[in-house]
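Okay, handing you the structure first.
When the chains are written out, they are named A, B, C and D in that same order, and each has its own residue count from 1.
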Amino acid sequence: MKSSELGCLESGDLRISGELICKICQDLYNSGWVTGTGGGITIRSGDAIVIAPSGVQKERMQLEHLFVMSLKTREYLHKPLQALKPSQCTPLFLAAYTCRDAYACIHTHSQEAILLSEVFPNSDYFSASGFEVLRHIPRGSKRNGFYSVTDAVKIPFINNTAHESDLHDSLKAAILAYPEACAVIVRDHGIYCWGDTWQDTKMNTEAVEYLFQAYLRSRKIEY
Amino acid sequence: MKSSELGCLESGDLRISGELICKICQDLYNSGWVTGTGGGITIRSGDAIVIAPSGVQKERMQLEHLFVMSLKTREYLHKPLQALKPSQCTPLFLAAYTCRDAYACIHTHSQEAILLSEVFPNSDYFSASGFEVLRHIPRGSKRNGFYSVTDAVKIPFINNTAHESDLHDSLKAAILAYPEACAVIVRDHGIYCWGDTWQDTKMNTEAVEYLFQAYLRSRKIEY
Amino acid sequence: MKSSELGCLESGDLRISGELICKICQDLYNSGWVTGTGGGITIRSGDAIVIAPSGVQKERMQLEHLFVMSLKTREYLHKPLQALKPSQCTPLFLAAYTCRDAYACIHTHSQEAILLSEVFPNSDYFSASGFEVLRHIPRGSKRNGFYSVTDAVKIPFINNTAHESDLHDSLKAAILAYPEACAVIVRDHGIYCWGDTWQDTKMNTEAVEYLFQAYLRSRKIEY
Amino acid sequence: MKSSELGCLESGDLRISGELICKICQDLYNSGWVTGTGGGITIRSGDAIVIAPSGVQKERMQLEHLFVMSLKTREYLHKPLQALKPSQCTPLFLAAYTCRDAYACIHTHSQEAILLSEVFPNSDYFSASGFEVLRHIPRGSKRNGFYSVTDAVKIPFINNTAHESDLHDSLKAAILAYPEACAVIVRDHGIYCWGDTWQDTKMNTEAVEYLFQAYLRSRKIEY
């Protein structure tokens, strides 16, 4: 495509954010968290947020597929030339941006989130303690420091809804009710995870998913 | 090889389809669904269908290995120079193309298909409900919309046969009997999955296989 | 290194075989079958066999690490300039070459081979039936055709020994006693698998390992 | 960055060590041992040790992120221009370098280490016998030879602490108390593994982790 067709993604910080989204989509695909176009990602640069579209295979994501929205006006600063749909996660990403001053958000379709939903059918939150990885999980934001190994992290569950956008209110409520969480588990669906930078967001996502895996695998030993 | 030896695969839409087949074969190999030359793939371009051959390692697939057949006349429009055999899946791919107006079809040898065969030894179909991924599975074709999270998708089982081509009649019968399925499970063997475009086909395959995995892990079989 | 230092690996069929060994070593590493320098591989070109050395990380294998031996005289036609040790698998590879007229042999340290050793502590062979993948497993050589889905393939077990080279006699005996097997399982250790070409050998290895995995995973369902 | 900003990492053996660290970090990430910036690695060149920093994503590690320290003076010979923190593992790496004359050390956050902690809640060490991979595990250093298949290797456990650096004394005590171990397991955390060269260190790490996996799977925990 002609570079002019990339609009504000053509250069500068937005281009860097866009290229990062494409690379991280490949990482997330390789981790099994976004197969079949599941999941989503957004990275913020000042007032502008770059968002991967709906329905595009994550491992084939290109700059020309991405949307850019103004956080203040909620208007699209750039839309792809192709007739792509904005991500259905957009309202949820906005909740993380506005309630937490996050600079990126990742939505995974991890099967561990599904399994935890079944292990804790009636809990408001997932809790675990004693794992080294807790030292890599921030208390909502790294501005508040990190958990220690003996702390019990709490990551809230919210129920899944018929449409992704219907998750907005309960996600926002969970974000506000659990200020020391950097992620929310959507039952039978996946997680939303954010951070103070795109690096923090990717690290927080991997740390939380690692905790889920280690917890589930450890739990089998008790059987 | 001389480019003229590629025949109708040398340029245009058929070349694009051929190159996609080679790339997707690598993806499928990395997913563990086509090791040891198991499985198969075809992509359609108008009346012509491009088909990966039998007996070639999927992760080493090249343009020069591919066959092209006319959907109308069932004659080969192009054969590879090397003495390769056409895919034994060809009659099955044709069933998906003609009964569903599909534009691509993927055949996996996923072990989850084998496990489900044993979990449901006497069922006509696999059924599951409550998983977010259902929203990514079309009702046979996206022209009919997608399942909702609370719907119970049904994916038919057919029995395996001594020769792959002998599957044709039962596969066709299952396709016709389950118009809202985008895949068929061959017991102790794998799946056939199709879609309205090659992108849909790859996404449908990943969504169906994800559902199988999540279902089996939820049942505590594959924790 | 100067190309002359590659000796007979510098060009022609031996160079092609050597480059294939390096590429396939990466595939085998990614499959988890040769981590920590475990496992081995050899490819034959006429009277010459190219062999990966002992003690080199498989995913970093280079042409300059490889040995070349004459099948007839058992003398090295080429040794690497670096002081590397020949593979301890060499006598075992020779057994496959001479008893079966194979053109390649792969030795994996697959954990499935270990698990099967414990599932069948007293059996002379592993046997399985009913899996589609049997149609991809040759009766010793593809010259004898392939198994059908309802056949019961038999793959012999031999006991592990203190030194890899001590496996030679029992491996040779198993090869001769099971003419319709294309692989031997060394208890608590891994497998040796061969084929009529390097392609067949890689496909046979993947098919046999797939069968092991599918068998072990299916067996859990009965619990 | 200007090459002069790399300081002593710009050329020679230190640059080679630095580039190896970046490559091996990708390998370790792909193995699932250092996700979310967990884990660490160091390689020694004479008196200088190159160390990956804290808080940088392992799969994106670059030369410009690395620290270099003098083993004798414990002073930094080079720090990255970016405001990065030295690895919290540094005191632990120093213990391996000084107590064992190692030339590299890898710290993984493998979940198998966590699982073994729970399988053996009261043991001073993990022990296993009968696995072929024992022949790839050195008796502390390859200068002392390797285990045989029938030997019982012992790998000590130490308890986790609130801060990584607090592990130093118990790690050093375990290294001294188990001279025939090339690794230490930190309970609920991961392993430290060293070797006579960087190649040995990577091979030892893979061999020890393979043993853990095979042991757990054999016990039917991870089938």
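Throughout what follows, a residue touches a chain if its C-beta (ideal position, glycine included) is under 8 Å from a C-beta of that chain, and two chains touch if they have at least 3 such contacts.
This one's a predicted model, so the numbers in the text were calculated from it and none came from an experiment.
Annotation: the chain A:chain D pair of sequence copies touches via predominantly different residues, less than half of the used numbers being shared. The chain with its Cα centre farthest from the Cα centre of chain A is C.
Per-chain Cα centroids separate chain A from chain B by 31 Å. Inter-chain spacing, taken between the CA centroids of chain B and chain D, is 43 Å.
Touching of two or more other chains is recorded for residues 217, 220 of chain A. Taken as a graph of touching chains, this assembly is arranged as a ring, one closed cycle with exactly two partners per chain. Across the complex, chain C is touched by residues 35-38, 57, 59, 109, 111, 114-115, 118-119, 160, 162, 164, 186, 188-190, 221-222 of chain B.
Residue ranges on chain A touching chain D, taken from their complex, read 27, 130-133, 135-136, 148-150, 199, 202-207, 209-210, 213-214, 217-218, 220-221.
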